[in-house]
Amino acid sequence: MSFESSRDLATLSDLSDAEIESLLDSAASFRDGRRASTLDGKSVGFLFLNPSLRTRSSLEAATARLGGYPVVLSPGKDAWRIETRDGVVMDGDAAEHIREAAGVLARHHAILGLRCFPSMEDAAEDAADPVLTAFREFSTVPVVNMESARWHPLQALADRMTMRDDLGDAAGKTVVLSWAYHPSPLPTAVPESFLETAARTGARVVVAHPEGFDLPLDAISAAHATADACGGSVEITHDRDAAFAGADLVYAKSWASHRWYGRFDQEQPIRQANRHWIVNESMMARTNDAAFLHCLPVRRGVIVSDAVIDGPRSLVLDQAENRLWTALAVLHALAGGDA
Amino acid sequence: MSFESSRDLATLSDLSDAEIESLLDSAASFRDGRRASTLDGKSVGFLFLNPSLRTRSSLEAATARLGGYPVVLSPGKDAWRIETRDGVVMDGDAAEHIREAAGVLARHHAILGLRCFPSMEDAAEDAADPVLTAFREFSTVPVVNMESARWHPLQALADRMTMRDDLGDAAGKTVVLSWAYHPSPLPTAVPESFLETAARTGARVVVAHPEGFDLPLDAISAAHATADACGGSVEITHDRDAAFAGADLVYAKSWASHRWYGRFDQEQPIRQANRHWIVNESMMARTNDAAFLHCLPVRRGVIVSDAVIDGPRSLVLDQAENRLWTALAVLHALAGGDA
Amino acid sequence: MSFESSRDLATLSDLSDAEIESLLDSAASFRDGRRASTLDGKSVGFLFLNPSLRTRSSLEAATARLGGYPVVLSPGKDAWRIETRDGVVMDGDAAEHIREAAGVLARHHAILGLRCFPSMEDAAEDAADPVLTAFREFSTVPVVNMESARWHPLQALADRMTMRDDLGDAAGKTVVLSWAYHPSPLPTAVPESFLETAARTGARVVVAHPEGFDLPLDAISAAHATADACGGSVEITHDRDAAFAGADLVYAKSWASHRWYGRFDQEQPIRQANRHWIVNESMMARTNDAAFLHCLPVRRGVIVSDAVIDGPRSLVLDQAENRLWTALAVLHALAGGDA
């Protein structure tokens, strides 16, 4: 199998529903013990501009299981600092341009991965995902997005697999994406990717967040359209209690307010005023014995209480394990393996 | 073979004498050219909270030789900073809890390794080895201690192999563990582990250090009991000259004074006053042509003179080489391989 | 094949012309799909004292393609800071001596690599390549120079392969090594290595640089002698326009002035005054449709214009790709593989 409409995995939108189902079936077969040597004699180049635990761990292990070898580079630490803007005179800190970084690594490796968090300074620029876009343009081999300014498709696939395992057919089920407090303003790549993922399942999706923490309007519009097409719905609310009522699955995640994007000192008091947005036992008691999901890393006592994350309905370790199986399925597909 | 009493290799005390002998035989067979593919298709996750050269080099090479793939993560550098205390509100620097770090990596890998040096602030807390203990609790796969606050069993195994190669049966031989000067207060994981190792050989073990640099009392008591059971003895002395007299093996190591634990500015003048505790040719001339051992890294001209470490009885490179063979034996055993 | 006159690849001078041709043929055969398992069951230890992208990427991938496993260590980051001077009392920052670092790694791995940039403080010391020299002395296995204070033979081999592909027989061709502006004073390892490489092809080699930026005299003398022996020539000029006239290949590179070595604050105004030494379209228009080469990383808009590096005669990505094929050939040869 390889993707029909895209050489790369940049966002989940690159994949049709059939392709996602096929990837999840492939992931499940790897979990069931399937082995493949799709990357035999090949290497994969992973470029991390930001820290990682699950993404590196799962992709390195997946590459090795497929017979390949992962080369991990961290520009600014063990490799040269990278310039991502075009047409600039490079007389500052950056010694290498992303055109060369992508171009060179594509000559050495069969697949490339890139992690590039947003600048958190200019919302429009971050929304355009400039670093990933340039990297894809200058790579001549398939690129897998290891979390960009805007998207985290590998996480979304693992989330979808975890949902499928727990909920089965999600049609008619209530899935809550709940904002949670965090001391710093975080990117929206994970909540936006989960929102799209959840909307595509046909579930009733409820997004709960305090006033001022709306997700980007285009993401909401797209989710509405997706849900309509898939027989589900998307609701936005500031009422946490109502949102959790009867929920079958709760996905907790903190994100920055786009109203104060780049001026987060002004957001801080509003953020602080919502410290009570933690997922704890009393919140979960409102649900229909809902599963608890979070992409990790998670701040205990801040995003979620110990009792919830350590409780029987916490699926966070299953989610993280599914990162391995879905990474195997994605690399296998990008390398041209059969479904 | 797998360990009888422990799923993990946390400390040498986890192993019976027979298990140690079996591991050393296995290590020697790997040195003699034996090959095994115990880790074929599997990965091992190594989490380094502190720097490393020999430990990483030997464990990565050993994993690869067994057909496996090592994933190396350094929280705070390329992965998220880790919280190790339980029940805290994580609103500080640490983005990830060790419960999730251990739990997730255990889902991705067949074996985990952890390096976690002591805080050097609270002696009782360090003695309880809290980070390793938590990591073992939350890992669902075997854990190998890559040097914790209190123990360094991989080093102790390589030391034991080196002793066995050089001394043969150590009964009746004199083995000196000598404190040496170092500009900073260092952990006691290596000297405590060596003390136990040496006591289990049945040798006459002499620990020499300046006043005030006693090893922890429980380590000394345990070593006495071990030596009694194994037909050897343990002596403690502040008289270096007497200690080295007739010695068959000298193990040099610096360590911090536990009297001033956490208040090392007050220890500094006492430490400085013992700068003459260097192992040089005149000290070695008192011995019975003793072998010289040190775990490395070592500060030349401070811990040991160039003439001694470059001399014919220096076994430091053999020790370091034995890190590879014993790592192979340990990973092979933890993965369920035959002895 | 293995090298006749040297166990190591320290500098291109270690290799005869026949050996270089044989390595390039071997590299080309790997590019054509040849596979080998020369490093099966073996590991290679790569010690990086400085950042890297192409060198790490190519050597890790090459090691894996030959069936081996690369262990990458970065002293001062994930491993201990290394002392390189002999006979010193190590009571400063460095915890490990290069004697032990090289000695230990040679016990664990089949081949070692070292990257050690110059101090840029003492020209005579840097010219003696003290770190590489010590590392080679204390390693008991073959050492490959991954760019030292003075030489970068892996780059020179890839450059030679790229020249051979583009120019065919270089006799009678004009090859320009052109200094270019860069905000910082850079080492001369690449330009010196390229100068020797180019001189050995029998080409007419023209070195163009502003006044005060002469390459070391011994390098120039050696290049003259080499060119004489190979039927070529070496010219030095400060006249860029004349140098580029009719050139068949332009190699751009910035380097520090040896006149102000270690006093680069005094060099800064002279450097700044030569900001116009950029390779742009008007300069390339003077050439015989010359190929453009640079070792990368390169500062766009500073060393070279976007139009030139993105143009049809830019071979920088081919050069970088050839790093992989030549690395395969070198590791294969150092491991004792057939040509």
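Note that the chains take the letters A, B and C in the order they are written out, and that residue 1 is the start of every chain.
Everything below uses one rule, namely that a residue touches a chain if its C-beta (ideal position, glycine included) is under 8 Å from a C-beta of that chain, and two chains touch if they have at least 3 such contacts.
This one's a predicted model, so the numbers in the text were calculated from it and none came from an experiment.
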Superposition rotation for chain A onto chain B, Cα-based, multiple of 5°: 120
Homomeric contact chain A-chain C: same or different residue positions, threshold half: different
Distance between the centres, which are taken as Cα means, of chain C and chain A, whole angstrom: 40
Where chain A touches two or more other chains at once, by residue number: 77
Chain B partner contacts - residues on chain A that touch it in the complex: 35, 48, 51-54, 56-58, 60-61, 64-65, 74, 77, 183, 296-302, 306, 310, 316-317, 320-321, 323-324
Footprint of chain A on chain B - complex, ascending: 41, 43, 45, 69, 71, 73, 75, 77-80, 83, 87-91, 95-97, 99-101, 103-105, 107-109
